[in-house]
């Protein structure tokens, strides 16, 4: 065969299976989204529409890899996807799994952009990168997502206070001045600044900003119609988009908690 | 800090550096492009516009990672990117490199779709996967690309003959009959079928179909204007899109041969 | 510095940390021990002295890596060592861990040989190889050791019957004839052959042959003297060498079950 | 089969092939040899007999893996083994290669100890660890060995001067005083101390101490007898133990230079 004398190069493709019996988390991050969000004039500190587009892209991943991805959590320009322990996708080949998830997400982000920003053209192709991390047990999975949600809280409280200082102060503060003002402050002080200076009650801000977004595959809530049907599938499941507390045990005891689906 | 008791989960992120001093090739493949090309009514056996879109996406990758990606080769729904030996991109972290390239390609593919198919809406987000393979020496790099181009030739000759039998025969052949006809035939026989039955001289078909597409970063051919300028940069380089023979030594002796840029 | 221009070669030493939070098992195997056991005229089917030497070498490993290795199991010319989940030995660098265990075992095997075979000189340096396998949970660890003990049983029943046929039959059988005789037989048939032909009750054979050897680090059984002492360490532990059933839950509920020490 | 329900644990044994087409270097190091050399009263700064035992152990590795290991270099309590590019040993499984080399070396070290120290009993089992490093090209291999030999020189010059100060000074210096004396000195100053204070011409010290030991597989120097023989094998090769300069090109141009055997 014409190509056979070159086929030896295939021997350089080494196997890269992920260990069986462990959870996998794929986390993706926007590349250069600081500049990207400026170029597209995203609102500060949070652009709700841009976040909803991220959530849509995440749901696309969850939908396409339904049965393997059981939970996703996103904030800002990052999203994490949990794959169940018994996942056999691409025979657990690491590069296949991580690249396909990044590609699905990227593709959906660009594809659905016009639906979310009908009057704002995308100026160029945005991109993401990703990594795959393995967690042996349910506790570590919970702690991973708690870590991301704690990060959401810390960043959002800082950013909310920072941009309030910059945008709402009278006279306005420069970004440098705002950073100086916040240097060394703890959470309670930031809450106090927000409340006393700008009459903002942080806890009343949209939950999506404060708690990020959790996408889960949960049992369908049966409508009366479906309930009567005898032919419906045993366990229909649907994607749900939540903005709830996932630190602590309450969330994980709900049927939608993905880690149990192992 | 709020998140510190969860931060231990970071210790599960293991390092994944690629060996220094070796070439890296990232190959991406379309996922489910058989169905995708049917859904979008791509021409058989080759859709020139769809291939040009692939090439555009590849040039986007080459442009964004200019200085690291020195050569790319594509055919059908796959593309391979060569990273030079001394590449330090993301400190050679494997998952970062491979996911970012797949993301850049996917994003450009969706972003530039309307420019190539102004009258044909994308029906959903297409996706790709990727892998990174390491080659120690120049010879292996040449043989890798020779392997892909040999594959292009074999597939294209088969597909061209197959679709000629299906689309141009009188009476038309079913796909099954066409497969039967071609079973066990060698190249010369397929050439003969094309020529005797359909008056197609395979060698005269577009080079892009027969030889795939090679994108290289090559020295700019100076115009007389530029030549006179004293202020132009020492070694300006530009992307060139070629449809040439890359099996054999001639190509690699040209200044645009990327493997030398190690 | 004299060596500094060569020091770049260190960059080729890639990190190889084992995932945190999982059990590690290092299994070592004798290289060419079929020939080695013939050359040293080991008894067939089991040489109790040679097995005791293996056990001694294993205890040396357990002793040297006390606190990290919590359980070991051996049969024939192989031994498996369990390292606890939280093990931090060599920062969990895989090659360090696996090579050091193989080296400790090999060294002890050669060093203690004269103590076990005072009248039989070692004819040359024996060698072993090893691998490290990762298990995420306690159940998989138990099943790993169950797998090795089941293997011990299967091999020993076969070998015992085989060598009885060869050595005790009258007239004696050739090895080929013995293999033929056993082809396709199940356990009960081999038990029957042993009992009816050679009056051997398999279950009465030494437990070390039938169940292999388990080395555990267990709490010291306090003597009355120690019990009275107020200054003894809180949890003194000592190595114990057992020939017991480790398939099933009973063993693992004992305090010496290493997997709990995670 | 009895063990079949546990056999799934084998799926946790992941493949670990080394990339094809690259050189492999396995470096082993003594564990705790500082204490070991004190316990066995090795001469300071170098114990020629102990080094010869290391060399013997290295030759055992080279002999056993003849055809795969083409060069070895040792100093102090470390030894490096070069495996040729095309090496197929254990299908290039990393853990098999590195553990077997460490085991062969350890075994030979203990086995041959009495031959080198007939009057000094080994007090316990010594041990080593090892790692495998991959080098893509001949230049990097040469630089690796140059790096080790430069290290030999630096360490030996320091140690020779240090122990001269401690053992030969009148009145004797403490180890702390000797360290202080040498702090910040360059090579020429150490040479000067050796010469002026102790009449030691460093360059006249045994080459094994200054240049380490190189073991190569070289073509047999034919005796006149063999030359006449018509039946001798085409390319008989024998191990040679050298104490020569391997930094610089001269050594590598000799037929015994292992890297060429790729």
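Letters are used for the chains, namely A, B, C and D, taken in the order the chains are written, and counting of residues starts over at 1 for each.
In this section, contacts are C-beta pairs under 8 Å (C-beta built on N, C-alpha and C of every residue); 3 or more make two chains touch, one makes a residue touch a chain.
As the structure is a computational prediction, the values presented were derived from the model and not from experiment.
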Chain copies touching (chain A, chain C) - same or different residues, decided at half shared: same
Pair sharing more residue contacts (C-beta pairs) when A-D is set against C-D: C-D
Most distant chain from chain B by Cα centroid: C
Distance from the mean Cα position of chain D to that of chain A, given in whole angstrom: 52
Mean-CA-position distance for chain C and chain A (Å): 47
Chain C-chain D separation of Cα centroids, rounded to whole Å: 31
Contacts with 2+ other chains: residues of chain B: 12, 14, 19, 21, 134-135, 140
Interface residues, chain C side, partner chain D - complex: 1-3, 6-10, 12-14, 28, 31, 60, 64, 90, 94-96, 98-100, 102-104, 106-112, 122, 124-135, 140, 143-144, 146-147, 150-151, 153-154, 187
In the complex, chain D residues that touch chain B: 19, 21-22, 134-137, 140
Contacting residues of chain B [partner chain C, same complex]: 11-12, 14-15, 17, 19-21
